[in-house]
Every structure is written in C-alpha cells, then in structure tokens.
Amino acid sequence: MSNQLELTQVDAYYGKIQALRGISLSVRNGEIVTLLGSNGAGKSTTLKTISELVRVRNGSIRFEGEDIGKLSPHQIVDRGIVHVPEGRRVFGAMTVTENLELGSFPKRKDTQFVKRTMEHVFELFPRLKERHKQKAGTLSGGEQQMLAIGRGLMSGPKLLMLDEPSMGLAPIVVQDIMKIIKKINSEGTTVLLVEQNAKAALKLAHTGYVIETGQITIQDTAEKLRQDDSIVKAYLANP
Amino acid sequence: GSAGTSGGGSSQGGSTASEILIGVQSPTTGSEAKMGQDINNAIQLAADEINDKGGINGKKIKLVFADDACDPQTATAAANKLVSQGVVAVVGGYCSGATLPASGVYHNAGIPMVVTAANSAKIPAQGYKEIFLVNGTTVHQGEVAADHMVAKLGGKRIAIVHDNSAFAKDLAEITKKAVEKKGGQVVAFEAVNPEEKDFTSLLTKLKNAKPDATYWTAYYAAGGLLIKQFKQLGVPGVIGVGDGANDKTLIDIAGKQAAEGTFVTTSPTPEFLPEAKSFNESYTKKFSQAPGPYSALSYDGMRLLADAISRAGSTDKAAIVKALKETKAFKTFGGNVSFKEDGTLEKSNFIVIQVKDGKFSK
Amino acid sequence: MDIFIQQLTNALVVGSFYSLIALGYSMVYGIIKLLNFAHGDLYMIGAFAGFSALSLLSGDAGVLGIAMAFLAAMIVAGLFGIGIERVAYRPLLNSSRLTILITAVGVSLVLENGVMLTYGPSFKVFPSQLPITGFQIAGATVTYSQIGLILLSVLLMVALQWFVHRTLYGKAMRSIAIDQTATSLMGIPVHRIIGITFFIGSALAAAAGMMAGLYYGQINFMMGFIVGLKAFTAAVIGGIGSIPGAMLGGLVLGLLETFGTIYIGGEWKDVFAFAILILILTLKPTGLLGEKVTERM
Amino acid sequence: MKNRNLGRNVYALAGLALVLFLLPLVSNNYWMDVATMALFYIVLALGLNVVVGYAGLLDLGYAAFFAVGAYTTGILMTEYQVPFWITFLLAGVFAGIAGVIIGAPTLRLRSDYLAIVTLGFGEIIRISAKNLEITGSASGIFGIPRPEVFGYKLTQITDFYYAMLLLAIVTLFAVYRLGHSRIGRAWQYIREDEDAAEAMGIHRVRMKLLAYALGAVFGGFAGSLFAVKMSAIAPESFNFMQSVMILLAIVLGGLGRLPGVVLGAVIVIVLPEAMREFANWRFLLFGAALVLLMLFRPQGLWAARKDGEADEKWGERRDVTSAS
Amino acid sequence: MSLLQVNHLTLKFGGITSVNDLSFEIPEGIIMSVIGPNGAGKTSLFNMITGFYKPTSGEILFDGESLVGRKPSLITQKGIARTFQNLRLFPNLSVLENVMSGMHSKTSQGVFGALFRTRAQKQEENLIRSVAGKCIDFVGISQYTHRLAKNLPYGIQRHVEIARALATQPKLLLLDEPAAGLNHGEKLELIELIRRIRQEFRLTIVLIEHDMGLVNQVSEHILVLNYGQKIAEGTPAEVLNNPLVVEAYLGKEEDDEQSA
C-alpha cells in the first residue's frame, strides 16, 4: 500500500494562536486512520488544513503525490477528498434530498452515478429515506449526522475525513455508523477518522495517531494502541 | 464641467484691496445640477466681462462658488461657508427650498443676496431686507397662469399638479387661489413624487375629472414624463407647465408629438430676448453650449449686483444693500428693474409661450 | 369599471418594474445576505449602457437594434456586477454584514457620480422609444409595450425560479446562503457561484433599466436610487430570498401605490404603501412568501 | 481590564476636551459650522449606536427621530412661542414615544424585515412632514427663533458649537454608562443570540423597546438643537440618505465602540467637506474612500483586535434554521 | 412532592408528532436522565418545558404552576435553566460576560441606576460579577474567564453553558447532551461535576445523554422515549436491561462491555 495522503511538518494558526505544531502523518491507500486527542488538541484543525479551510503556514500536504497545500476547498473535493465537518453543518433550510444532491456537485454530470449513490446512501440510512422531503434543519441531531455523512459520500470520495461522526448519536446508531464506516472502507474508500469515542475508533482503524496540543505524540497500529497502557488509561477505560 | 465650477477652494480671506469676493450659490450636484451649471456659467461670464472692462471701481470680481445641492441643509452649510470666506454679496439661488434657509444665514450676516431664479413667494415673505429677487415670484406667475387658463383659454375645470417641492407647491397653491378668484373650478389638485417615472395612476384619476386645462408647476424632468403619459392616456384638455419646467429637454422627454401645444408660463428666457443676442453668442462661444433658461437672468443678476456695488462706492455690506434697494430702472434683458419694498420686482414680466413644431415659441 | 381596469393595468406595469429589479435584489441577497444598495444603480448602468448602444446605432434602431442594445446593457451591467463583487464585497464576505452595507453605499456613490461625470448630470432622452400603440379593453387603454413588459417579468420570474430550485447551480446558491464553509466542502466553487449570481442579478436589473429607458424615454444618473429602494421593499414584502416572493412583492407594491394615489392622493401614496407593508409584516413577519422557520434549539 | 483602559484614557479625554473647548479660538466660522455638524452627528450616531451597536437592531430610519425632535422644537417655538428648554425636553419625550411606536411592530422581526419597517417609518415621517400644514410642508419651518439660556441668547455659531459640544459630551457619557450596565449587557446578549438571551431570563420585547426608545431620545435632543441652530428645517434633511449616513458613521468607526462611533461621525461630516475642493468628483471620491476604508479596516477604524482572528478562509456563518 | 409534572404532553410539527401523550414526574432533588433514539423527542421536551416550543396539547406544572404559554424568560425567572444541544453561547462575548447573563433575571437595576451609578447599582454589579466568577470557578474553567466564547474548544464551551445556567440560580437544571464531544477522561470529570452541582446548589438535574456509561453512573432515574412516547421508566438497572430499550436504543453490542 502506498501513501495516499502525507502531511509533513504542518503548522497552522488561528491569528496568533498556533494550533498545529509540525504535524506529520501519512494515510495509506485503503486504510482507516484515526486521530485521537483531548479537547482542543488540534484534531479538527488537522482536518481543516487538509481540506484547505485553514491555511497551511509551514509544511506540505501531498495527496497522491500532488502538493495540494495551495488549492481551494472545492479543488480539494475535486481531487477526491471529502471532509465531513464537526457539528454536522447540514443545510438547514433545504430538504434532505437537496442536501444529498449538493454533495454530488463534482459528479453532477454523471446522473447515473448520482442516482446510484443516492440509493446507496438511502440503503445505508433508511431513516433519511423516510425523511427525504423534510428540511434538514428540523431533523434531530442524530438524523443530521447521518445526513452529513451521507452527503459526504455523494461524490464518491477516495478519502473520507470524518470529524467526530458519533457525537450525539444513540448507541445503536453509533454501532451502525461504525459498521457503515467499515463498509465504506471495504468498498475502497480511505478513511481518516477523528473520534472521542476512542474505543470504537480503534476497533475499526488500522493505524492511530494521538495529538496533544498541536503535536503528534504517539503513532502506531491500532492494535498496539489498544494495548498501550497510557492510551487505555486516558481514552479507553470504563468510567 | 466648465471653468465656473472648480473655484471653490480659495478658502481664507475676504476682499482685499484689489479684489471683491462675491459668492455664488447654486445646485451643482443633485437633481438640479444642470441648472446650477447654467447659472454658474452665466455669472462667470458676467464677472469676466466686468473684469475685462476694469472691474468695479477698479477692483476685480473674484467669484466663490458654493453648491447647495438644492437641499436646505447643504445650502445652509454652503451659505455659512460663503459667509466665513468673507464674501461681500451673494448671487444665485435656483431652488427655493435651498434659498429659503440660506437667505436667513445671509440675513444674519448682513450680506446682500441677489436671487437669480428661485422665486417662491415665501422668500420675500421672510422680510429680510438683504434679499432681492430678479425673477418674478410665484404670486405673479400664478396670476399669469390662471389668467391664461381661465380667461384666455376659457377653461372652467382646471387641474393642478405639483411635485411637493417648496417652490412647486407654493406656485400650485397660489395658482389655485387665482383660478378660483377668476371663476374657474379646480377639479384636481394633486402631487407626485418627482423621483418616479410612472404617473399613470394619477393621470387616470385626472382623466376621470375631465379637466379643460392641466397645469404642472414643478420641474422639467418629471414634467416631460407627465406630458408624455398625459397624451398617451388621452386625458382631455390642454396641459401647461410653470417656469421650473422651462427647458428644452422637456420637449425631448415628452417627445415632440406629445409636447406639441404645451404652454409655459415663464420670465423671458434668452431666446425670447432680442437684446440677449450677443449674450447668447458669447455664452455659446465660451462654454460651447447654449445658455440655459436661467442663464440670462443670472447674468443680469450679476451685472445688477456689480452696478449696485459700484454705486455704493465701497464693499460695505450695508451700503451695498442700500444701493440695491435704490436700484432704479436697471436695464436687463427682460426690461428695466426696480425693487419693491419687499425686495421683489416692481414689475414682473411673465409671459406665456407655447410648444410649436417641437420648439418653444411666443 | 373602465377606470378600475385602467388603474389595474397601471399598477401591473409599475409593479412589473419593481418585480424585475426585486428579483435580482432578492437573488443577490439570498446568497450573501447583502443589502446591495448598489443594485438600483446597476439598473441605472443598464439604462446608460443601452442608451450608448442605441446612440451608436443612431437613427431608428429597429427591433434587432433594440435586441442588441438589450444584450449589450445586460452584459455590461453583469460585468459591472461581477467586478463590484470582486473588488468591494468578496474581501469582506467574512466580516459583519453591516460592513458590506457600507461598501455597498460607497459603490453606489461611485457608480452614480461616475455616470454623472461621464454622461453629465442632466436627463438623457432615450434614442429609441417603445411605440405607444395599443388597444382598448373595457374602456381602458392598454399598450402592447405594457403587455410585453408584464409578460417579460413573469417569464423571467419563472425562469429564475426554475433555475434556483431545480438546477444544481441554483441549489448551490441556496446552500451558500446557508453555510459557505459547508458548501465549499461539497466541492462547490463558492466564489464562482457568487459571481454568477451577481451577473444574473445585475443583468436582470439592467434589463429593467433598458426597459425603463425604452418605455419612459428618460434616464439620469439618479434614476436607480428610488427604484432600488422600492425594489428592496418589494423583495422584503414578498419574503426576501424568495423569487416568487419578489415578483409578488413588486406587484403588491405597484397595487398599493396605485390605489393609494387614487384614494388618498399622490403625495400620500408612499405613506399608504409603507403603512400597509408594515401591517403585513406585523402579521406575517417573514413576508408574504417567506418561509416561516421555527428554530430548533 | 476596562477600568484600566478608562484610567489611561482619562488624560487623553481631558486633552481632547480642552482642544475641543479651545477650537473656536483658532477656527473660522465655516469650520466651526462643520465642527458643529460633526458634533451633531456624534450625538445622532451615539443614539443610533444604542439601537444598532448595542442591541443589534438594524435601523434604516433613524432620521425619523431626529425629525420628530426638530419639528417639535420648530413648531412649538414658532407657532406657540414655547421657550426653547421646554421644547428641548419635549423633543426627547416625543422622540422616545416615536421610538416605542416604531419599535412595537418590529419586535418579532428579524434583521432585514426590521430594516424595511424602520425604513418605512422613516419615510412615513418624512412624507408626512412634507405634506402636513403644521410642519410647514415642503418648505419646512424657518425663522425659528434663537434660543435663550439663562438670559444668554445663542446667536453665533460658536454658541451653538458649545451647546452641541455639551450635548455630545452628555450623550457620550450617558451612552457609555448605559452600555456598561446590566441593561447594556442585556442588549448585547440579545444582539448575540436572541433565543439564548431569552433563555437567560431576558425579556427581549421589553429590552428592544427600551433600546428603541432611548436611542430615539438622543435623536430627539439632537434634532431640537439642530432646529434652533439652523433656524430652518425642511423634510429633505430627514430623508433616507440621512439615516444611511448616520448608520455609516457608526459602522465606519466600529460598531458598538464609542470612540469609533465618534470618529466615524466626524469622518462622515468632515470628509465630504474636505473634498469640496474636488467639486464634481467629491462624492465619487467619498464613495471610493468608504470602500477602501472598509476593505482595510473591516471591523471599523477603531475596532479592537480581539483574540484569535481566524486564519480561516471562510467565515463562520450561522445557519438560519439549525442554529449551530 | 414532585418538582415538575408533565401530563399528556403532545407536540406536532405538521405531520410529525415529536412528542406524543407523554406523562411523567420529576421528584425534587433527583438526578434523572432522558434517553432515547435520535429524534425521539427529548430535546423537544426540553424546549416545551423552557417555553421555546408551545405544546400542541397537554400540561406542564412546575411547583404546581402551569408553564404552558409562558415566555422562556419568565420560566427562567421561575427557576428552570437549561443548556443547549447545539451550543448557544454569546459567541463574541467573553466567558465572564456570558456567565453574567445568567444573573439578569435575579437582578433589577434599570436605566436610572445605569446613568447615575447609584450605590444600589454598584452593589448589584459586584454581586453579578462575584456570582458569575463563582460559577466559572465551580465548573473549573477560570483560566478561560476573559477569552471569547467562540474561540474555545468545544468541551470548554459546554462548561460555559453549564456555568451560565447555574448563574440563573435555578431549582431545576436541564442539560442537553452535556458529554457530547468530550473524551473519556473529561466525561469522568463531568460526572463528578454533575454530582457536585446537585450537592452544592441543591437542585434537581435532568439530563439528556447518549453515553450510557455516564447515564448509568450518574442517574438515579431514567426516562426512555421512542417516537415521542414513554417506553420505559425506572432505575438504571431496570431500564438498561429492558428488552424494549435494548432493541430500540442500545442495540446488541458484539462485545459485552457498554461503550464509554
């Protein structure tokens, strides 16, 4: 497996506040990589720099060999990277179907593909099918999360970046989502997963990184991480 | 643009030994900007001619221009600016709405003003002894208009439309009284918003009132549209306009066909003044455009003021006011000018002209 | 009765103008929540561009000439729209909306005074004008131009409605209105879509300006100011952001003004219109066709 | 933190006050007039700031309040010979009442609908002034007598300058104190998030009405003084552009920040005056200046740089329906 | 006696019934959880209790007094405070200013006091600040006191919301998914905090949560909703083993442990 995505020594700032300090990480084609870390560690920011929502001050980001650090967000999506952001951010005043259609923008010319993918999304999330005419803003929190993920799948991404997809979801849905992520991955999509629910994430992932205050502190296979004492203590033990 | 409009900068000062500072107030921005240009040009021309002949009592006239934007507030600021720059007199004033408050400022400073166009009866009604109007007032004009519509044309049912500006409303009200005094009936007394373009609903209402004559008392831009739509809708009777609409653009906007037969009440404008021939020529030569309807009056106003200053023999404001008051049969294009006690013309010279073959003619 | 029909026609004509401008206003508003004070001035730019085009053709332009002038006016104003967005609005998209409001006022002043300096302050008479021929119906005079004007605005409204609600580009416009960041994450070129929106909105305003020139025959650099305000009013009354709402709002405003003129007089018609509008908004806070949204907590 | 700033600013303020107090000694009438207008605009801008800057209610018809104040004084002084001081107080009262009347139907409206309602009210007031006999219709009211204060008659421009300066200082003081009180915070909360404010027990209807009324009161005072200063008032001084200019002042300077509001008001008055030299180019240049100022200082000229200006390329926009 | 009583409460949005004939009681002093699948109507229930949504029918009694039709601000004054599922802080204000807002309904200074800086006004200002400061300390975020709310990490923002709600000095505190976005360690702290709040402020707490570990540990009573209806109610042990609940909500995990 080759490296699909590669970050080298990436710095990012919010004004004067430095949020990322020399982040380097790589994601290989077809794997699930998870980013762990406590509140404010910089997980979301890492995803934002990849999708170009936040400028990379120093360092480089390469995707399939190409330097993508200077592109704009929509070009990133054209390259096949989709970022499902924290907090869902569905288009509240629009219907579920319209939200999904927007997700298919880069593939808009291929109507067959769009139709097929939408059906696929409805299969993954039957709840959305039930509510397909409802305004997204009036969906419950969990329903919105499903929509956000579904929308991210609509352009058939090569790399899907999910920022806390299980947040606010019922346990049964979290299990579903995790299964779905696995399924998406097994269908060939690489996944970069940010999760607070470390246990669930490590169960899925092949590789894991731990970020603390903007720096990568641990990097290993998921399997090893699950057995790492400090990880178990900080992220995994039962309350 | 022209030479006349960019000279406002010589801020500090007051009249010096060799110069007399004279303020010019007119609208060079806003909806009446064109009239302001025409007025400024004419005053500049008069001043240049006087200076070429050696000035007033050996001193050269120096003009200071101030834009009143046809707006009371801007006018007050402009007037204050002129006062602070030490002008000894002011000439100009196109919009009554702007001239009214400005005249108060000049009055307070004791500065004489020769008002060259603005002519609402409310201006002299303030009783400021420093203010002189070389244009006939709305009192005269309303009289002439009523006379034309009721006596001359034999109209019984008269409609009057204004645009709610200080001047037009004043003229409309005065005309209404005059019409009624002459035995006519005012069947419609309406106002429009001049910034708009569509007056059909008002005209439909007029049409229903079946007027014999309709009189528009405001300015030319809206007036042209009104005439056009008047004809388009087939409102009965003749239509006429006051001197605010006396500009050939009125005919262009209305279209020759629709404008045909429109009457205009006005003080004589340059083309009707045989004496103004050479003025017309030198104006056209200097500014490469024909003089506007109030150019001649403004030119005369400047000359009249210069005459008064030279008679006063000094640049003392009170002396100039006194000299202005004593003006006796000063020769202007429109006739010989003397002032009544309230600063208005002894004898006004309103005439009624008509649009014939797409032109104003007597 | 004949009077009523006549007044109804009058109202529809005035209303159509408002609608046409309100459409663009609402569209631009809809996407970046900008009260585009310069929108009325694009109507003015359109009129002057059409004026210049027709003057170039000289003489009686004929149908083809007029069509070409229309196109020219719409393209010129459209490009102006894009340029304005680029220079004065785009850098401020992340700032408070009032900030852009100020640049919009600035742009408006620049456009008005720029045209005044180029074309002069006086009223210009349009080189070609629409024929005033028409027919009588129930005692009212209706001209073909009036019919054409009303049809044109209905047509454009339908086309726009289709565009915004049925095409993906249109949906992208709506999603930008809701959340630009999320939209960009869909792979949608946000700036390009905003540019397209400005182009369309400005071109529509220009079409209205051109119509005004042809229909009324007189233009000047301030012509956009009042109309812009009225269009804004119409757009809000209809429910800002809603395209049928803009159309409806324009017509309602036309009706209110017309009937205000009839029953209380021309000088009070705006008072009448505004009073009714305030009443409407008090009863229906999101405008006639604006969507009522219960916010989720 | 605020107190420390204030302490540092006290000297600056005292210095500024001294300069303003001595200004008439070195300036000519024309610039005194401009300065008086600027002070007048400061009062208006401060008043509008209560509504827009503090409470976050977009108001496009603020000139209406200043009209109410100006006409109150104009009418009472010319028609009924009421002494100036009484008309001045009544101007504030009537404007405040107008504020409540305008505020009442707008309370359920969100910003743009609010904008149109306030715009409409502004127009209604202006058009009424233009048509009613009592307001002198289109030519307005002129010949308003010079006011007398403790036997001293205000006639010179410097007199009005000092009167306006006093009003501006009092207004600044009052608006500052309002802003830094429980009431002021409640407005801020409403501005930031109405629903959350309501959830904190803030009665939004009452607080919004209060903002309208208090904002209007200052407009009324300013209008009253304006009327006697100009000695003439006319409806066109209260048109929509006037409201926009006042709004411009507060945004230009920095919304909600008083030094900014003051600065903005000064700019809006002085800049076009300074550009008189450019004659026809004046308003074009003014427009361009507005655009440039905003491009370079989007938060306003006096904006504080708060922590963490984002490096993000995209602004965070609130979803209209599903609030984030 | 129960602090809050809900009788036959129903809420409809067009065709959707989000809460359906729901009745239950909240005894004073309890820590209670409301759980249920996404869209079950939990947040809607909170919205009705706090006056943001108007019930289609039914009754809500707080201290024996009906809350239906009351404004949110009044309900807050009466002693119910809440946090929001989708954070609703005042984004451009500091943490301190955010929390000070909670004191609004407990204070009274008006225009006069503001203009003339009366003694009463100064005392009240001091009180507001000290109470707000105490609430901030209590939830353990005092190092963020002067930061703008919008720039804080998610978890901190959640704590600000709790502090703000506490500042209204409520009798009943409603927390909508307080643990969302928190990691494991932070959740442990939250459990601790919730318990301390009840102890210190002597109030009743109802929380909506999807984290069963937390729910299990902290709650004394659980109400389970599905499709707007009550499907179970009781102690954690009873509810979490109820087959209906397992089927509708918990799901059968492949491995034995409950998620955390």
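So that you can tell them apart, the chains are marked A, B, C, D and E in the order they are listed, and the count of residues begins at 1 in each.
We take it that a contact is a pair of C-beta atoms (placed from the backbone, for glycine too) under 8 Å apart; a residue touches a chain by one contact, two chains touch by 3 or more.
Everything numeric in this text was worked out from a predicted model, so none of it was measured.
Visitor: Give the chain pair that accounts for the most C-beta pairs in contact.
Guide: C-D
Visitor: Would you mind checking which chain's C-alpha centre is most distant from the centre of chain C?
Guide: The most distant chain relative to chain C turns out to be E.
Visitor: Return the distance between the CA-based centres of chain D and chain E, expressed in whole Å.
Guide: 41
Visitor: How many Å are there between the centre of chain C and the centre of chain E, using C-alpha atoms for each centre?
Guide: Centres of chain C and chain E (C-alpha means) sit 47 Å apart.
Visitor: Just how far, in Å, is the C-alpha centre of chain D from the one of chain B?
Guide: Centre separation, chain B to chain D: 36 Å.
Visitor: Any chance you could list the residues of chain A touching two or more other chains?
Guide: In chain A, residues 14, 17, 53, 72-73, 87, 89-93, 135, 137-139 touch at least two other chains, as defined above.
Visitor: So which bits of chain C are touching at least two other chains?
Guide: Chain C, residues with two or more chain partners: 116, 178-179, 181, 184, 190, 267, 270, 293-294, 296-297.
Visitor: Residues touching two or more other chains, restricted to chain B: which are they?
Guide: Counting only residues that touch two or more other chains, chain B contributes 29, 164, 191.
Visitor: Under the definition above, what is the set of chain D residues touching chain B in their complex?
Guide: So the residues of chain D touching chain B come out as 28-34, 37, 130-131, 137-140, 142-143, 155, 157, 230-234, 236-237, 273, 276-277, 279-280, 282-283.
Visitor: Under the definition above, what is the set of chain C residues touching chain B in their complex?
Guide: The contact residues of chain C facing chain B are 3, 6-7, 10-11, 13-14, 17, 116, 120-123, 125, 129, 132, 141, 143, 212, 216-218, 220, 222-223, 225-226, 257-258, 261-262, 265-267, 269-270.
Visitor: Once bound in the complex, which stretches of chain B touch chain D?
Guide: These residues of chain B touch chain D: 1, 5-6, 8-9, 11-12, 28-29, 67, 71-73, 76-77, 80-81, 83-85, 96-97, 100-101, 104, 108, 120, 122, 126, 164-166, 168-170, 191.
Visitor: So in the complex, the part of chain B that touches chain C is made up of which residues?
Guide: Per the stated touch rule, the residues are 29-31, 33-34, 37, 164, 190-193, 195-202, 204-205, 208, 220-221, 224-225, 228, 232-234, 249, 252-253, 255.
Visitor: Name, in rising order, each residue of chain C that touches chain A in their complex.
Guide: The touching residues are 168, 171-172, 174-175, 177-179, 181-190, 291, 293-294, 296.
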